[in-house]
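The same subunit A turns up in both complexes below, where it pairs with subunit B and then with subunit C.
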Partner chain A sequence: MQSSLPKNLIKIENNLKSLTRTRSIYSFLSIAALIAIIYSGLIVAETGNATSIWVGLPKFFDYPIDLFVGSWEYGYRWNLLLLEYLPDLISTINMALFSTAIGTLLAFFLSIFSSRNLIKSKTTVLIFRRIMDVCRSFPELVIALVLLYLLGKSALPAVIAIIIHTAGALGKLFSEAIENVDKNPIEGLESCGASWFTRIRFGVVTQALPLFLTYTILRFEINIRASTILGFVGAGGIGEQLYTNIQWKYEADTIAIMFLLVSTIIALDYLSSYWRKSLIGLKS
Partner chain B sequence: MIKVEKLNKFFGDNRAVNDVTFEINKPEMIGIIGRSGAGKSTLLRIMNRLTDATSGSIFIEGRDILSLTKKDKRVWQKDCAMIFQQFNLVPRLDVLTNVILGRSNIQSTIRSSLKLFTKAERIDALMALDKLGMAETALQRAETLSGGQQQRVAICRAMMQQPKMILADEPIASLDPLNARLVMESLRNIHREKKITVLANLHTLDTAKNYCDRIIGMRLGEIVFDDVPSSLKDDVAREIYGAEAEEAFEPTVTSTSLGDEKFAEAG
Partner chain C sequence: MNRSEIIENYSDIVVTKFSSKVWSTFLVLGIIVYLIIAILSLDILQIHKKWSPERASLFALDTYAHKDHVTMKWSEPNDIIISFEGSRWSQYVGPYQKSDGLPARYPEWTSIGPEGETKISFKNGGFANLYNDKVTIENWPNTQETLVFRLDAQGKPYVENADNLPKWIRVTENKIEVRPSLYERVQIYSKKVEVHRYNLGWNYFWFDFDSPLEPYGIWNAISLSFSGDRIDPNISNFSLLIQEFLNNDMWHHGQILWALLETIFMALLGTLLAALLGFPLAFFAAYNITPFKFVRTILRRLFDTLRGIDFLIWSLIFLRAFGPGPFTGIFAIAITDTGTLGKLMSEAIENTEEKQQEGVESTGANKTLQHRFGIIPQILPIFISQTLYYLESNTRGAVIIGAMGAGGIGLQLLGAINTGTSWENVMYMSLLILGVVIFMDTMSSKVRRALIGDETLGAELQLAKMAKK
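Here is the complex of A and B:
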């Protein structure tokens, strides 16, 4: 077949062939390396464990079964436990809501200055991206532990920790949303002599808003979990109750708290898709 | 009035605009023709200051608009409205807001950001829309309109700028013949009524010949023809278009000419 191709095309065809070959060799090598890494990891974990994973695995479901059995024995008054822990849930949601709100504002600010299509100066973009990297690279738990040590036991360290992480993580997603907007409307506004701020307000924000909203609600969901976990280390709220009840082996209370948490997340999921649909105009 | 002098724009080694010089001494309707990549768009974008020139100058009433910066540059952009092939409206905003944003240069940023437009602005925008038969769509989102309707909204936005000249970058290349004709006619009416220069990049020859008082032909970034349409001979035109000649001469491709039959159908 090659003989029927013109001379210049034969060269391209050969290049293409060698390129494909190199690519498949690389893919094969990376898959092999991946398998080796996973296998060696398994061996390391196995030797590090006190008991072998094969002994522990059958006992995996013992605790969940205990939880349900315990709650069953507790009886019908279990419903009242939900009410009992509701104030704690609200305080956790409050923590998450407040830190998501502040974090989102910071993220928006950071994302604008780290989007290449809005900022001409490469240095500015680089600096703001590194700021976001730093904010994002420390888990909430680490920041919260340091702040708890400095500020004492209260909700404040948790809130600050979540704000910092949210600003970094959301800022990254926001700036990706911004960099993906259609540039034509922005150019249209620029050609009218609109200011930089107006261009962002109408050219960028209107286009990126549905994504911003989805990301923010997703982050709110993550932050509810984060503030729950931070409750474990002394930030209060439902996390602290969960921790205490698990320690004391109060099965019914533990299940009640988990039920509250899961319902909150499910409700939030419905709410977010509803908001998003109404915002992008599927509903009207 | 308008004097373009030794304008150059290089993208690496590629000369998109090569030593372009021309003058416009009275309000004219000018068509710029040439094949894709001849530098037509780049020339208009430089005039609107969306793209910076490599060298050269453009004098408007004695002032070099290529040296303007910041606020002065934006005031110039307001004075020379631009119409795009892809309309460049804000898709998720309603038509009226899109049109009023043509005034964003003279509105304060805070006021326009909160969409606090004055009654006068709303009335002006509605009048402009009504003139092109688009007033009924004022509250629709721009993205719900057809291409031809969007382009008419874009013209309304351009008129809200109260421009001293209009640049149109392939205004009809994405439109069907009926809408292309509507758009070209409204551009010509604007030129006649407001007595302002309209500089339009056009892909097809017959459109340029039908609507323009003057034709500038560009080839490889250079001006190779600049005269009244009647003196543009077929062989010169073929040279301007090169390999794209057949398409450019074919009036049914993205052009404004309608057979009577077609027109009756569409109407």
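Here is the complex of A and C:
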């Protein structure tokens, strides 16, 4: 049967066979790699962990049950606790908002200097990109812990740490947005004799603004989570309250704080995804 | 066309509306007012009060330099202790006896002077001499005379030739501190004299103080490991090298590298687990795959809950169940990201084109094959790029979860910071973390580019791109 087929068809058939073989080798290799990673990871985890996975899993609900039982015993005054911790929540949001604002401003300047279509000098672009890389790669926690040691316990170290991280992370996204803008408006402005600043203001910013806003809103959401975590290590706000109450085993307070946090995050999540989608035209 | 004609004909484009002017003014004013309130409420103006330059410069110095301590008690002037970083465990040959002459191992910057005093030479060319009853400093910059410090009858330190002392000598009631620059420091107390001598670099980084390989240095030790006689007759030089490096008592390489591995695996396994859970669940939450509304709604709400309860709270819950260790981190990351990836992927599935699925259906393929060849190829790029993006950000997250109590490099770092003295270790760990995060970042963007060939786009932009097609 095969011999009766035209020659080029046999060639295609063989080609297909060899492609299928390569493909199955690749998928086999990637599955093997995956299994190797999972297996070695589990070994590392099992050695490093205090409790084995089979002992730990059934205890998963212990803590949530403890919390609920504790707050049940606390009684009906539980909802007053929400009011009590509201100021702390506001101070955490304040930290996040302020550092997002300043960080975005810094990110904007950094991104202009690290975009190839705005800056001719390659070294400048490279230097600013590396600066952003370093700012972005340090976890906020590391910077915050060192600054907490140097400046004492207050919100300031957390704000500085978040600003640094925000500047790096947003700067990269901003410069990608700037590099992807349409060249024509910039060239048009240039042909009218517009200055460098005017070109950026009317040629770049007008095009990239929706993206900038999208990224900034997303970053604000991330920063609220970050400032809560930094509260844990001494930056104040609701994170610190959560930490203290967990240490003191005040279940009702703990759950009130968790409730505030989760509802804030969920509300913000909905709000920001709505804004973002309307900004980039996913919802019209 | 002149200016007024342009304004007349294109007024809707050229002239800004009054209402939008009002709005933008209010917006700018609002932002300024908020910034002022925030600056006041966050105590930003107090920064100069909290910032102590001395503490900061000591901190900075400690990250890249090390110091040797020389301590002499006035009560036992012959028993001078020379130690590295003032540690009891790293003394240059235990009580350093002047009467027996210099011991076999002593720092080259110490010597015995003509009157039996111990001379400590500094990098600035000066000396500090420890006598039985006095301390002198000679030949220090900007001062020609030799300054003599003694104890008075009440046992308080004083300077013998006290007129026109240089500014860098601070005399208080119980202590005299001589500190011409950050690199040398002589402190005279009523009980003891303490001399700090700073050197650049991380000392004993490869091998610790007591290691048999320490005198060789790293390069000689490496060449010894391939040839030469055994230093320790029991094991080969190569295994000795590895063992001594990992068990370094000052830098704890073995411990730190293991912690780093734990953190990497936390991120890796957490993200992998999230991908394995989130991907199939996303299909059940997409309306073009699952016709049952209540299944979709339940899954959607589940994703929202998993995501909304921050990984901080998840890690607290898992910490109670598993105790400190990587499992806590793995599960906290996996649970949070199952929510995120699930939501994202279900939106991506809903945005896929129907035509490809219909094409597969026209060949007579069943539902499973339709999904396999009609939908998965469309959503695979966004799935891979998002998973890689989460892997990268989870590496940072794993450090944070670690510090919250899950172990790994985060906890090590927190411990080192809390000691308040081992800043060189903090620096070392920070650089390791930085290296790992940058490595993950580059690797994931390389893989992404190789697989997808597109630059990194945010999730929403990829969705928008799909929707516009």
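FYI, the second predicted complex is superposed on the first by the 237 of 284 C-alpha atoms of A that agree within 3 Å, B and C clash if a C-alpha of one lies under 4 Å from a C-alpha of the other, contacts with A are read in each partner's own complex, and residues count from 1 in each chain.
Everything below uses one rule, namely that a contact is a pair of C-beta atoms (placed from the backbone, for glycine too) under 8 Å apart; a residue touches a chain by one contact, two chains touch by 3 or more.
Quick caveat, the model's predicted, so the values are computed rather than measured.
Participant: Using the superposition on subunit A, decide if subunit B and subunit C clash or fit.
Facilitator: On the shared subunit A, the partners clash.
Participant: Examine A:M258 and indicate which partner it touches, taking first as subunit B and second as subunit C; both and neither are also allowed.
Facilitator: Second partner only, subunit C.
Participant: Quick one: name whichever of subunit B and subunit C touches more residues of subunit A.
Facilitator: On the superposition, C touches more of the residues of subunit A.
Participant: Going by the contact rule set out at the top, does A:R276 touch subunit B (first), subunit C (second), both, or neither?
Facilitator: After superposing on A, A:R276 lies in contact with subunit C but is clear of subunit B.
Participant: So, A:E187: does it touch subunit B (first), subunit C (second), both, or neither?
Facilitator: After superposition on chain A, A:E187 lies in contact with subunit B alone.
Participant: For A:P6, decide between first (touching subunit B), second (touching subunit C), both and neither.
Facilitator: neither
Participant: Go through the superposed model and pick first if A:S195 touches only subunit B, second if only subunit C, both, or neither.
Facilitator: Only subunit B; A:S195 stays clear of subunit C.
Participant: Thinking of the overlay built on chain A, is A:V134 touched by subunit B (first), by subunit C (second), by both, or by neither?
Facilitator: A:V134 contacts subunit C only, not subunit B.
Participant: Pick one for A:G75: touches subunit B only (first), subunit C only (second), both, or neither.
Facilitator: So A:G75 meets neither subunit B nor subunit C here.
Participant: With the two structures fitted on A, what stretch of subunit C runs into subunit B, 6-14, 150-158, 204-212 or 294-302?
Facilitator: Clashing stretch of subunit C against subunit B: 6-14.
Participant: Does any part of subunit A touch subunit B in one structure and subunit C in the other, and if so which residues?
Facilitator: Looking at subunit A, the two contact sets intersect at 281.
Participant: Going by the contact rule at the top, pick out the subunit A residues touching subunit C in the complex.
Facilitator: Residues of subunit A touching subunit C: 34, 37-38, 40-42, 44-45, 48-51, 53, 56-57, 59-60, 62-64, 66, 91, 94-95, 97-98, 101, 133-134, 136-142, 145-146, 149-152, 154-156, 159, 173, 176, 180, 211, 214-215, 218, 225, 228-229, 232-233, 239, 246, 258, 261-262, 265-266, 269, 273, 276-277, 280-282.
Participant: Of all residues in subunit B, which touch subunit A in the complex?
Facilitator: Result: residues 48, 50, 73-79, 81-82, 84, 86-93, 97, 101-105, 109, 112-113, 141, 154, 157, 161 of subunit B touch subunit A.
Participant: Touching subunit A in the complex: which residues of subunit C?
Facilitator: 31, 34-35, 38-39, 41-44, 46-47, 50-52, 55-56, 59, 258, 261-262, 265-266, 268-269, 272, 304, 307-313, 316-318, 320-328, 330, 396-397, 399-400, 403-404, 407-408, 410, 413-414, 417, 420, 426, 430, 433-434, 437-438, 441, 455-456, 458, 460-461, 463-464, 467
Participant: For subunit A, which residues count as touching subunit B in their complex?
Facilitator: 182, 184-185, 187-195, 197-198, 201-203, 206-207, 209, 281
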